[in-house]
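Going in written order, the chains are labelled A, B, C and D, and every chain counts its residues from 1.
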Amino acid sequence: MSNRIPHFINGQQVLTEGRSSDVYNPSTGSVIRKLPLADDKTVQQAIDAAKAAFPAWRNTPPARRAQVMFRFKQLLEQNKDRIVRLISEEHGKTIEDATGELQRGIENVEYACAAPEILKGEYSRNVGPNIDGWSDFQPLGVVAGITPFNFPAMVPLWMYPLAIVCGNCFILKPSERDPSSALLVAELLQEAGLPKGVLNVVHGDKSAVDALLQAPEVKAISFVGSTPIAEYIYSEGNKRGKRVQALGGAKNHAVVLGDADLDNAVNALMGAAYGSCGERCMAISVAVAVGDAVADALIAKLTPKIRALKIGAGTELGLDMGPLVTKDAQNRVLGYIEDGVKAGAELIVDGRGLSVAGFENGFFVGGTLFDKVTPDMRIYREEIFGPVLCVVRVDSLEEAMRLINEHEYGNGTCLFTRDGEAARLFCDEIEVGMVGVNVPLPVPVAYHSFGGWKRSLFGDLHAYGPDGVRFYTKRKAITQRWPQRKTHEAAQFAFPSNG
Amino acid sequence: MSNRIPHFINGQQVLTEGRSSDVYNPSTGSVIRKLPLADDKTVQQAIDAAKAAFPAWRNTPPARRAQVMFRFKQLLEQNKDRIVRLISEEHGKTIEDATGELQRGIENVEYACAAPEILKGEYSRNVGPNIDGWSDFQPLGVVAGITPFNFPAMVPLWMYPLAIVCGNCFILKPSERDPSSALLVAELLQEAGLPKGVLNVVHGDKSAVDALLQAPEVKAISFVGSTPIAEYIYSEGNKRGKRVQALGGAKNHAVVLGDADLDNAVNALMGAAYGSCGERCMAISVAVAVGDAVADALIAKLTPKIRALKIGAGTELGLDMGPLVTKDAQNRVLGYIEDGVKAGAELIVDGRGLSVAGFENGFFVGGTLFDKVTPDMRIYREEIFGPVLCVVRVDSLEEAMRLINEHEYGNGTCLFTRDGEAARLFCDEIEVGMVGVNVPLPVPVAYHSFGGWKRSLFGDLHAYGPDGVRFYTKRKAITQRWPQRKTHEAAQFAFPSNG
Amino acid sequence: MSNRIPHFINGQQVLTEGRSSDVYNPSTGSVIRKLPLADDKTVQQAIDAAKAAFPAWRNTPPARRAQVMFRFKQLLEQNKDRIVRLISEEHGKTIEDATGELQRGIENVEYACAAPEILKGEYSRNVGPNIDGWSDFQPLGVVAGITPFNFPAMVPLWMYPLAIVCGNCFILKPSERDPSSALLVAELLQEAGLPKGVLNVVHGDKSAVDALLQAPEVKAISFVGSTPIAEYIYSEGNKRGKRVQALGGAKNHAVVLGDADLDNAVNALMGAAYGSCGERCMAISVAVAVGDAVADALIAKLTPKIRALKIGAGTELGLDMGPLVTKDAQNRVLGYIEDGVKAGAELIVDGRGLSVAGFENGFFVGGTLFDKVTPDMRIYREEIFGPVLCVVRVDSLEEAMRLINEHEYGNGTCLFTRDGEAARLFCDEIEVGMVGVNVPLPVPVAYHSFGGWKRSLFGDLHAYGPDGVRFYTKRKAITQRWPQRKTHEAAQFAFPSNG
Amino acid sequence: MSNRIPHFINGQQVLTEGRSSDVYNPSTGSVIRKLPLADDKTVQQAIDAAKAAFPAWRNTPPARRAQVMFRFKQLLEQNKDRIVRLISEEHGKTIEDATGELQRGIENVEYACAAPEILKGEYSRNVGPNIDGWSDFQPLGVVAGITPFNFPAMVPLWMYPLAIVCGNCFILKPSERDPSSALLVAELLQEAGLPKGVLNVVHGDKSAVDALLQAPEVKAISFVGSTPIAEYIYSEGNKRGKRVQALGGAKNHAVVLGDADLDNAVNALMGAAYGSCGERCMAISVAVAVGDAVADALIAKLTPKIRALKIGAGTELGLDMGPLVTKDAQNRVLGYIEDGVKAGAELIVDGRGLSVAGFENGFFVGGTLFDKVTPDMRIYREEIFGPVLCVVRVDSLEEAMRLINEHEYGNGTCLFTRDGEAARLFCDEIEVGMVGVNVPLPVPVAYHSFGGWKRSLFGDLHAYGPDGVRFYTKRKAITQRWPQRKTHEAAQFAFPSNG
């Protein structure tokens, strides 16, 4: 079938028979492509290609490896429209949102262009008398990435540009929901001059994941997805002596203080809660209002904006929100809304029952707002991953911080205030890996690193940026001494035959 | 009983009843002390003390935390003789060797004194227009170290000075074979001004290790020991969401090229193979001679020196080697020698049957040399951890390197040569974490980091030095924006009551 | 004469005849010691000693050089009382203030203890195929420091611990007003184990300065003092191919916004304006009040506190302020006060005519406060270096910042506010090298670097901290390639006679 | 006239009347263009444009500034042929050599693309209790570059991409001999999206240089040229409070040991001595042979290769060498050859009297080789800047190093050997800023920094790379504390009107 998506192995598209899954356009609810699910043999084929490509790629100077990334950046910019359309078509997010996603991914490619700088080792002359020591950072070999549906282009770009520019060969297993943009992007890297086998894409489900986990040639795995699977991959990978960084779920709180610029905070919350239908691990899903006055004002200002959200097929322009990614996702979110009502939360805006004209089978849920949510409710404790914002009311910043610090997740958080001291206290003591001050989605730029705390990330090192470099390299420490001659006479160095 | 060793919890010696084990003087073969083996309750007591001490210690500025380390260095230097005597008495190594061990440990304290420098984060102004971003490195909380018998003072000093100066609280479980020096050293840190509870020492066996593994309050574990236990701790710790760095076994090869300064190489090998009775994870246990001429010369020069080794009770001065640490260790080494003979290796010097006058019950084995060892023999494949050096003969540097790269361990290695190119080739392509050029024990200095590759280390980050800092801290990324006013008139900032 | 102060050259006290100057106790107004003023021969003697000591010191591993600094820190702490008393006796500052000064100096010694870390170079494997490159930081040779009277112990400690630990040899010319503490401190470094000749102290005036400027062996000069002399040394030193960093005058403004915690700001201003009698290059000498309400409140709260300042002989305990350093300094300050009155500033507290019982000949001036100072007045434009605080009234933060940015000096400044945005705006756009937010004396800690902008500092690199390391070292870049052999057979490396 | 070259000011070509100079094609000896020499007014126009552009450019986030550099790299690659032809036409070097020059320049643009990484500041939480400190690197404002004829495209690219990406505005005064390639390159940066006024090009001679030196708006000057002018600019610039880095002359020695791979060394020397007609500050102009056997072999192998050099018009393909840049340069080199002969050096190959068919008026000198040159000869002491290689004979490596260390210049040097110890000794103790081991032109890659020692460079910081970043930025140190409230109740933060 022409709509069967290929794997990409050793520089070539590879079509396989066997098990497959359906790829939907969530705006229409229809199947648009078929995705082959790799069996062990296909996974091994990719591993073999990567392994074969490694020795030459490892020995390519970093500055030359970076040249491929410079060209990759150009190609991504030139092919932006194609990529963005594929994202939107399979994921459902708006074109504008997909464009932002791709831009963030390109920034990771830019960081990879700095390979010669970021791979510098440390040199010490005279660690002892006439003894020198230095540390070098060498690639691991074959490494793999397993990426989620919610940023089908960006999350792969968090991983392989850096892994590859560090000298590794890479196997990507993109999400089976929306794999096409990831495949296109990977092919562009090939077009940019990457030797074949250095990057490979295999599609698949748990079976492919397990094949990667079990393969001794795979030295490291980067994962982004849900917490239970993150934990599984972390412990299974580690058990086999691999490095793993596994990023999982989140429940990100925004705290609003009374001195905040409320209009600004409300606009920020709208984007952070409902952008991409809430299907972001950095989405704000809880707004913590400090004081009832703040809570009342927030609710008053949010309500009409939520009702006015422009919702439709992601591939159309000028929208605020598209559908959820699957029917299952839609049902899960609807279930949470019902659960919230039952638990006694006040449902201010109800997103259920939304029908988009012309897209009646799309997986839509409208923007939803709960007030008076309490920490014991499921809608507070669990990650909904949908367009549902919960308002929690507290009496002090300290109480807000206690809530956040007691939550099992610690991915992102944000404080709205004008007060320098409140900001410093919050940044210092909050048990969360990524903190915003008046910045609702504090995703670190590509030259810093991304990572949550607590059960939002398993591993020592965060994703991309400086931590990414360390994750994709291993330290080699060298100590060197040369036995000394008294003097270095000409005779002593004269042609060996006279020696 | 006066010879029962206490735990050290919350700043105080704690004596417990219950299970205990014997501590020997291996030179005499006699039990000299009794060691309590902590039950879960005692371990929990230490964890509770550490947890209680954490908030205040975390908030103590790094420069003040460093003051404790400056004083600790002084106290270690002032108490050197006491510490060294305890090491030698319980471990068996010579006084000179114990002195060297302590010196290396002190260097890690010196590195910890640089806390304010090594904890610097990264700051970026204008990650976006008027948005700033920075990364901060925050302590983990309660962390633990489990250390081996072979460097009873040094390995704990690899861990807790750095962990503590980074703001963590620490629980040390030293080896049950020779715990007294570790205990003394820990008490000196308290004397240096460390708040109580920041460092705790609990003695114990697998039961205590498991209690640490299971405690949710313990956020990270550093381990040094054998590979099977390293693997166990790595996977059990990871399974519970902890960070783990676990250092295991080794089989360190020294390659000798024909252009090497042979006398120099032979002297280096003597120390590296027989020092501390070979009970070092960086000991050279295989000498790879490139060419038979080199092999013959090596054997000829080593043999008389091995026979002349001065062996006796570690606590006496002027010796080259003391006993092995336990009767079991002695038996294991003797078993390996027998196994080597059976497998067909040529036994050049036989260390069996050594009796030291006045110390007839000591756990002694003499220096042993095998020639014509081959890669299939157990004495080649396994870590003997005794005074046994195996000579392997090869035809080229490439062949030597292939041997090393195929061995399951990759801790340390060394090349003896005068040739710049050979050195560069070796350093670049050898699959080993710590490489020496004419340096037989390439243990990185305290301001670089220590770690092997392959099955010699499990984890992303090496021990001590810059990697140690990253292991004992987690990254927090902050993104900050302040909503802008047009101008900042006096009126606008006037006392709020007028606002 | 027993009260004649010696030079310290090549590890020994050296007494010279010839020109001399008087050293006073400014609290009593009496001469207490005689200071020899070095002629060219004496300066050259110091240079020769430094030059002779250089080769061995340069080759001493950084970690060993750091050991001297560790011991130096201990000796400084043990001799704190003696040093502090000498500072106070010759400079006039209070014992508490001198103690603070010494503490800050010791922190620079602590930073020097991190030598192995801060001297790390950058290493790049494969800058080209099989070509490696690295950068190393090597000492300059003989370098000199010329230091001011106002921090007689601290400013020398900004310079030579770092210069020396980087491998240089040093010549210090301390202020001729209060040289005794600097001499004592230097002798303690010798006692700490510094090889003789590595640090030398010569006393003198312009003639000694010129001898240092002209000596080709002196590769770099660090200077702290007034702007005209800083400029002279900068251009004369540069003309002779030396590196120079020359720190000059200051006029540090504190801006107070209406939302500031005023009591806190007032307390901060008291210390920053009147501490050490205003004889600090980081002293706050201008308070810029944003809005008349703030100005009125400031004046109201400052006035009684200024009148209540406890002023007396620096060597007594429990005081707020001592005398100025010389009769000339006293007269200069009194002249400025008169000038301010004539120019139309409102003299709120008049410090003239102060007499301290028992110390009637001391060089005292009381705390002085002017209101309604304007930018055209000499008391605003020039550095008074005395206990005189000028209040300037403005209408907005922007106006306050314009004032500061237009002033010729740009050393330090501070903003008092609670507002995060105001702080960010101020920090970003103010043309001043050291900025405090609610910190009145934003002297960077020893692991950052000290330096003003505009005519407050001449040179590329700031003092101490990371910039200090770069100032005291020169970069050497090495590029290394080894011609490759095909294989490395045993025969090829066999004894050369067979080659 | 259509062949009058314009200035480039505020984003536009500016044609001026007044004084001008001739631009030659040195291969034909004919004038091909006229160059206007800027008067003070034109220089000031450029300064004004730069100053006006500064505030907005400074506030543009580094990551956006870097985007311009990414596009600049593309444009340079797309326009490579045009640029290379202009270089060759006006300078005389071969097309292949010009291509190499441009490539090196592009690498500096690549380094500038890493702006967000290389501009990171240092952040310290808790420099005191609840006090944070950080250091930021801010642009200087308007800075200038004065560049030499020998790398008309590359040396400007060492300077302004980095200066500009750091946030500065730049004025380039290229060499008046071959300004066209620099102008074209600058226009391409504009095309890449640089705001107008950020980069300006003014042509001129000493009068323009002096105008830049005197302008108070110009905060820093980078210069590459001869040592007397470097010294002039360094001391005149410093006198006016500017930062200056001024790179001057060189006399680079290659030392050849008896164990070197001689064929390799000879090939390396051919390129390093005669490439670009010896008009490179990194050209090898002295070969130091250790032992007569080495010297004799070198002479024997070099002679036929020098005689076989293919010399012609630079713009033709397949040549080894073109003409010198001017008639004056030709005469100067011929004079040196005559002087060498008179002084008693042995002239092995005589490059005088060369005539190239069809280019009889070109400024050609053939490859020239002297043997038995001694340190007292002018051809040894002075920089010839022509295709003249001097062989000096010595008896030991130590003697060779003494020679080098006593020479007034210390730019580059190289050792040919296989011996690790010799290489280490040489690298460690040679008084030269850039050192090669078997690398004849050890120009550091763009991510390290370029700079000589002794009278080859005046200034603290080397050119481009990490030092370049520091040269083009000034450090600002911020210390921040927020006065603490007890708790942060809702009421306290509630709308100010309730406050």
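One rule holds for everything that comes next: a contact is a pair of C-beta atoms (placed from the backbone, for glycine too) under 8 Å apart; a residue touches a chain by one contact, two chains touch by 3 or more.
No experiment lies behind these values; they were computed from the predicted model shown.
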Practice prompt. Determine which of the two chain pairs, B-D or A-B, is joined by the larger number of C-beta pairs in contact.
Written response: A-B
Discussion item. Suppose you list every residue number at the chain C-chain D interface; are over half of them used by both chains (same) or under half (different)?
Written reply: same
Worksheet entry | Inter-chain centre distance, chain B versus chain D - centres from mean C-alpha coordinates, in Å | 48
Worksheet entry | Averaged-CA centre spacing for the pair chain B and chain A, given as whole angstrom | 36
Fill in: Numbers and ranges of chain B residues touching at least 2 other chains
63, 116, 120, 122, 124-125, 127-128, 134-135, 417-421, 423, 437, 445, 447, 480, 482-483, 496
Worksheet item: What residues on chain B touch chain D, complex-wise?
Response: 59-63, 116, 119-129, 134-136, 417-421, 423, 437, 496-497, 499
Discussion item. Which stretch or stretches of chain B touch chain A in the complex?
Written reply: 122, 124, 127-128, 131, 133-135, 231, 234-235, 238-239, 241, 243, 261, 264, 418, 423, 427, 432-439, 442-445, 447-451, 453, 455, 458-462, 466-467, 470-471, 474-483
Response to the item:
In the complex, chain A touches chain D at residues 63, 66, 70, 73-74, 107, 110-111, 113-114, 116-118, 120, 125, 130, 132, 257-259, 290-294, 394-398, 417, 419-422, 424-425, 428, 445-447, 480, 482-485, 487-496, 498
